[in-house]
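Residue numbering begins at 1 within each chain, and the chains themselves are lettered A, B, C and D in the order written.
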Amino acid sequence: MLRIAVIGAGRIGKIHAANVARHPRTWLSAVAVPIEGAARALAQAHQCEWTAQADDLIAGKDVDAIVICTPTNTHVDLIERAAAAGKAILCEKPIDLDIAKVERCLASLARTPVPLLVGFNRRFDPSAAALKRAIDDGQIGALRQVLITSRDPAPPPLASIPSTGGLFRDMTIHDFDMGRWLLGEEPVEVWATASCLVDPQIAVLGDVDTAMVVMRSAGGRQCHINNCRQAAYGYDQRLEAFGSSGMVANDNLRPTTLRRSGAACTEARDPLLPFFLERYAESYVRELDAFVAAVLDEKPVAVSAEDGRRALVLADAALEAVKSGRAVRV
Amino acid sequence: MLRIAVIGAGRIGKIHAANVARHPRTWLSAVAVPIEGAARALAQAHQCEWTAQADDLIAGKDVDAIVICTPTNTHVDLIERAAAAGKAILCEKPIDLDIAKVERCLASLARTPVPLLVGFNRRFDPSAAALKRAIDDGQIGALRQVLITSRDPAPPPLASIPSTGGLFRDMTIHDFDMGRWLLGEEPVEVWATASCLVDPQIAVLGDVDTAMVVMRSAGGRQCHINNCRQAAYGYDQRLEAFGSSGMVANDNLRPTTLRRSGAACTEARDPLLPFFLERYAESYVRELDAFVAAVLDEKPVAVSAEDGRRALVLADAALEAVKSGRAVRV
Amino acid sequence: MLRIAVIGAGRIGKIHAANVARHPRTWLSAVAVPIEGAARALAQAHQCEWTAQADDLIAGKDVDAIVICTPTNTHVDLIERAAAAGKAILCEKPIDLDIAKVERCLASLARTPVPLLVGFNRRFDPSAAALKRAIDDGQIGALRQVLITSRDPAPPPLASIPSTGGLFRDMTIHDFDMGRWLLGEEPVEVWATASCLVDPQIAVLGDVDTAMVVMRSAGGRQCHINNCRQAAYGYDQRLEAFGSSGMVANDNLRPTTLRRSGAACTEARDPLLPFFLERYAESYVRELDAFVAAVLDEKPVAVSAEDGRRALVLADAALEAVKSGRAVRV
Amino acid sequence: MLRIAVIGAGRIGKIHAANVARHPRTWLSAVAVPIEGAARALAQAHQCEWTAQADDLIAGKDVDAIVICTPTNTHVDLIERAAAAGKAILCEKPIDLDIAKVERCLASLARTPVPLLVGFNRRFDPSAAALKRAIDDGQIGALRQVLITSRDPAPPPLASIPSTGGLFRDMTIHDFDMGRWLLGEEPVEVWATASCLVDPQIAVLGDVDTAMVVMRSAGGRQCHINNCRQAAYGYDQRLEAFGSSGMVANDNLRPTTLRRSGAACTEARDPLLPFFLERYAESYVRELDAFVAAVLDEKPVAVSAEDGRRALVLADAALEAVKSGRAVRV
């Protein structure tokens, strides 16, 4: 059994705590949440210990691993302390919004190596994983193009915009990771364009809400990403990979298979699953599987700190491309 | 070139006249329509002769073949006279509503054999033909079950109900033919149930509007048919064939491939093509191809008078099954 | 918390035990399994007590409810004893294969009333439930026809055929329940035809493997069921409901949304989920929710013993219809 | 009746000749084809005059309009002469590969104005037209993003590559036109990346075969195009438009609606229609309708010479973007 402590009790912290509590190979030792009410509630739900101090858990003898679900700006500090204490780490994305800080963190990790999995949960989605497997199995021959559609149902609260690091570092970062992973070759060039078409207040805050990105690998493979902070029809998450002998694609998930036909239209389907907690519920479970396998079975870490760094490099490059109008080499 | 005269200028007569006028191997010699205005209009549209008297065309020396699109109760007489005159015949379904009359007609045809194709146009639909080919090519192994969904967009005018011969002889007759054709074995047993759920006036006129039929072949293959005189979402025409190694199925055709996603629903498609003229436009063209091939190239007739007779036998059996509550052997 | 004991540790017993162990409102008190090894393994997996004697649990003071997952011929006895002990009961379908025995059981239950839910799990499938809700909400207007396709991936072991009660009582019974539920009116007439097209050994054992059923309600609504013991492409579970203002339909579930396009074909999807344990995993969870709500919240029982009886009546009627060639009134 | 002469008898010339011969409002006066055998064959097929000299037709008194289907480098000359002769013109795309020559042609046309329709046939595809109508009708609210997937089944013969003007001017030019049309705002910025992933011989000839383009309008709307000269699964032509209140998308057309399910996969559909002649057969007919309406009914020309010029400007910009690594303003 892997004894795990979860730090943070936001939306994702709760998901991780529940998954850890239920996983056949893990034990939820404790949760660390600064607000006592929230901490007590979560601890009670899963019948585990709680503390307001993350340090207690990081130092704890009955804790083998830490799941970090706190605000982004606390990740690096927690990673470094947990690594120093020899704990395995599952850290929510991104490692940090500042590439210099991320690089210092990676350097630090090199001195106190522990298994660290960065929470790019979408890699663990059964459909995304099947698409990746189809590529790797040669089902579409030599890969040529990847298309990623990723649109949120609604923008985050305006108040949170400044701390997100902007669209590319906050939202597209998932797609940068997905693009790298599916391309199977490192992107060497990034280009992007971005607009504010959803809410002008987002522009006032210095951010954008609608973007297109193109990346190219050294081998000439191409990856397109389109993003928007708001889609009226729900959380739109689609992938397509095209190669010399075929194409594989994923459509969205829906809560049921119901199709409705009437005088106005036919084959109408329900709205998509609301947002990432519902859409990627299974991914979080499988991400935990992968983390457990990395620690207990010494399997390679599925998404490394270096993967986390590279996604941020691509996000920074996209931002620079928007500013300069040039494709940015990475 | 096959010189063809078309008798009748209703909806289907116009379709046949236009197809004959346009077909590379046929020449539209003339149209026979009792109402002068309609006759002139049709003749002008296709720059051919016209007459009010079908007999003129049947006797005509410059006519090789006759297309019969007149009211059902005139079919047998026209067939017999055309056959006596040695003309090839394409006759709209059904041959007649009275099985005894149909059998006399077939006996008469045996004495003056000419190519005669009965207009079960759906056999020529590209999707239906592909499904039949898939069965015959063994793509689904040994056939077990056939499912036919066939629903009209709206019932015929009440005034026409008495002359239709009732739902089974008028509407289901297409599905009886399709079922026989797809089963690949003759049905030996027919069972049916029928209700009046669309318009109680149809019941007043002694007919039904909603029905389910099951047929069984000697080899134990099964065929289900469902019918309704009214479907709010349009003309619903679907087929499914299930066998030992797989299944093939046809969905409906739509005017475009457009799918709409919004807050209320996703992937909504347009209503179906309105009715048989639009849905089976291509089938009528291919039916004419088959007729031309039968006459000019001496290919076997794709849908014979015997096929016409057998579909009516099944319709009569269904009617008897509804009355008796028993499966009727045929 | 509802303290539940599970009797039986076959495929479905294991599912129920796991769901009970995990449900936030239930406690898995114990499992009763005659084979010690199986009992120990299951008890260990969920850290609960075990016994070889169902009676121990039925008498147990720390048990509020019993889940019966034993062979069919033991159901009635266990139901009667559990009811006498005042335990709530979740019993796997069917109650029994003998209608007389079922009726005696219902009479007995009337004297010792306890909440009893019969495990027609498909009613709890999210897609089936959404389809039922769409009908009840009037989304398709007045219901006219229901179509149920239900094909198993592979026949049961030949050795088990004699104890199944035959296709209609074993397999179609789910569809009879689904048909009754969706029709919203009691069937008054059942007709069926059946063949042995999958394996002639099944005929040798006196059973059939391929069937079509049609039921009619007093109001003239119609329901078609098609069944087969073997489908090469997997466990095929589809529903369609057609009414005066539209149609709703459910397609099959698949493990991913992946679609593959290559030289041979396009849009190819993965095989279906293997069988009922995978396809209806969510249904078993929701069935338990409904059972808990019935006992703890005194909600009406979602699927009553009477529902269990009526499904068996329809199955018996279908069998009689096959033998007599007549529609059987029920 | 509009009396039309067709110049050129390649694949598209034959399509246009056949459509003109069949259209209710046009008369095929003659075809001009330099090779006598081809000319005779085409003239015989449609029972019209033929000549080897385009000039004869341009000067002909019984010719109201000219359809130009000759090699690209002859278009401008033929346009100018036909315009000077006062003939209406339907000219296959592109007007020319050299923007300077195109601009001189437009200047010349300004002096001898005649209706001129440039053959961007895809605008007339029923599905593309429905998608455009959905945008214009406000069905998706304020437009934000357009996605165009356009992949050919196989590259053109290597020998023809040098005269195509390269991927952007030959193939993407259709998508540049489609993008402009759907965006509803002029692109102000073009970026592109291109590789040679299909056939290295194409690179040897100085061209590319796989590309991604992004365009941005002044209002910040974004358009992505992906192209490849070869797709194993056929001619892939898809569109998606995303706006503030929804999304509309077009899938590919197939010859039938057949879906196949077996042990290996389910819902497999046939390969796509082979190439543009089949895929856009209906578009060529509707393009002719639009041309006839422009000339006979003085309706606005659906695709103007200016549209032809702007598509070429975008193609040139994409080429420059690939060379410079910069987004090019247009």
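Criterion: a residue touches a chain if its C-beta (ideal position, glycine included) is under 8 Å from a C-beta of that chain, and two chains touch if they have at least 3 such contacts.
None of these values were measured; they are calculated from a predicted model.
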item	value
Smallest number of contact steps required from subunit B to reach subunit C	1
Same-residue or different-residue interface between subunit A and subunit B, half as cut-off	same
Which of A-C and C-D has more C-beta pairs touching across its chains	A-C
Centroid-based (C-alpha) most distant chain relative to subunit B	A
Whole-Å gap between the CA centroids of subunit A and subunit C	39
Whole-Å separation of chain centres (CA-atom averages), subunit C against subunit D	57
Of all residues in subunit A, the ones touching two or more other chains	232-233, 245-247, 252, 260-263, 270
In the complex with subunit A, residue positions of subunit B that touch it	232-234, 252, 254, 260-272
List of subunit A residues in touch with subunit C within their complex	22, 126-127, 130-131, 134, 139-140, 245-253, 255-263, 270
Residue numbers on subunit D that touch subunit A, as the complex places them	141-142, 144-145, 147, 149, 151, 189, 191, 193, 195-198, 210-212, 214, 216, 220-222, 224, 226, 228, 230-233, 236, 242, 244-247, 325-327
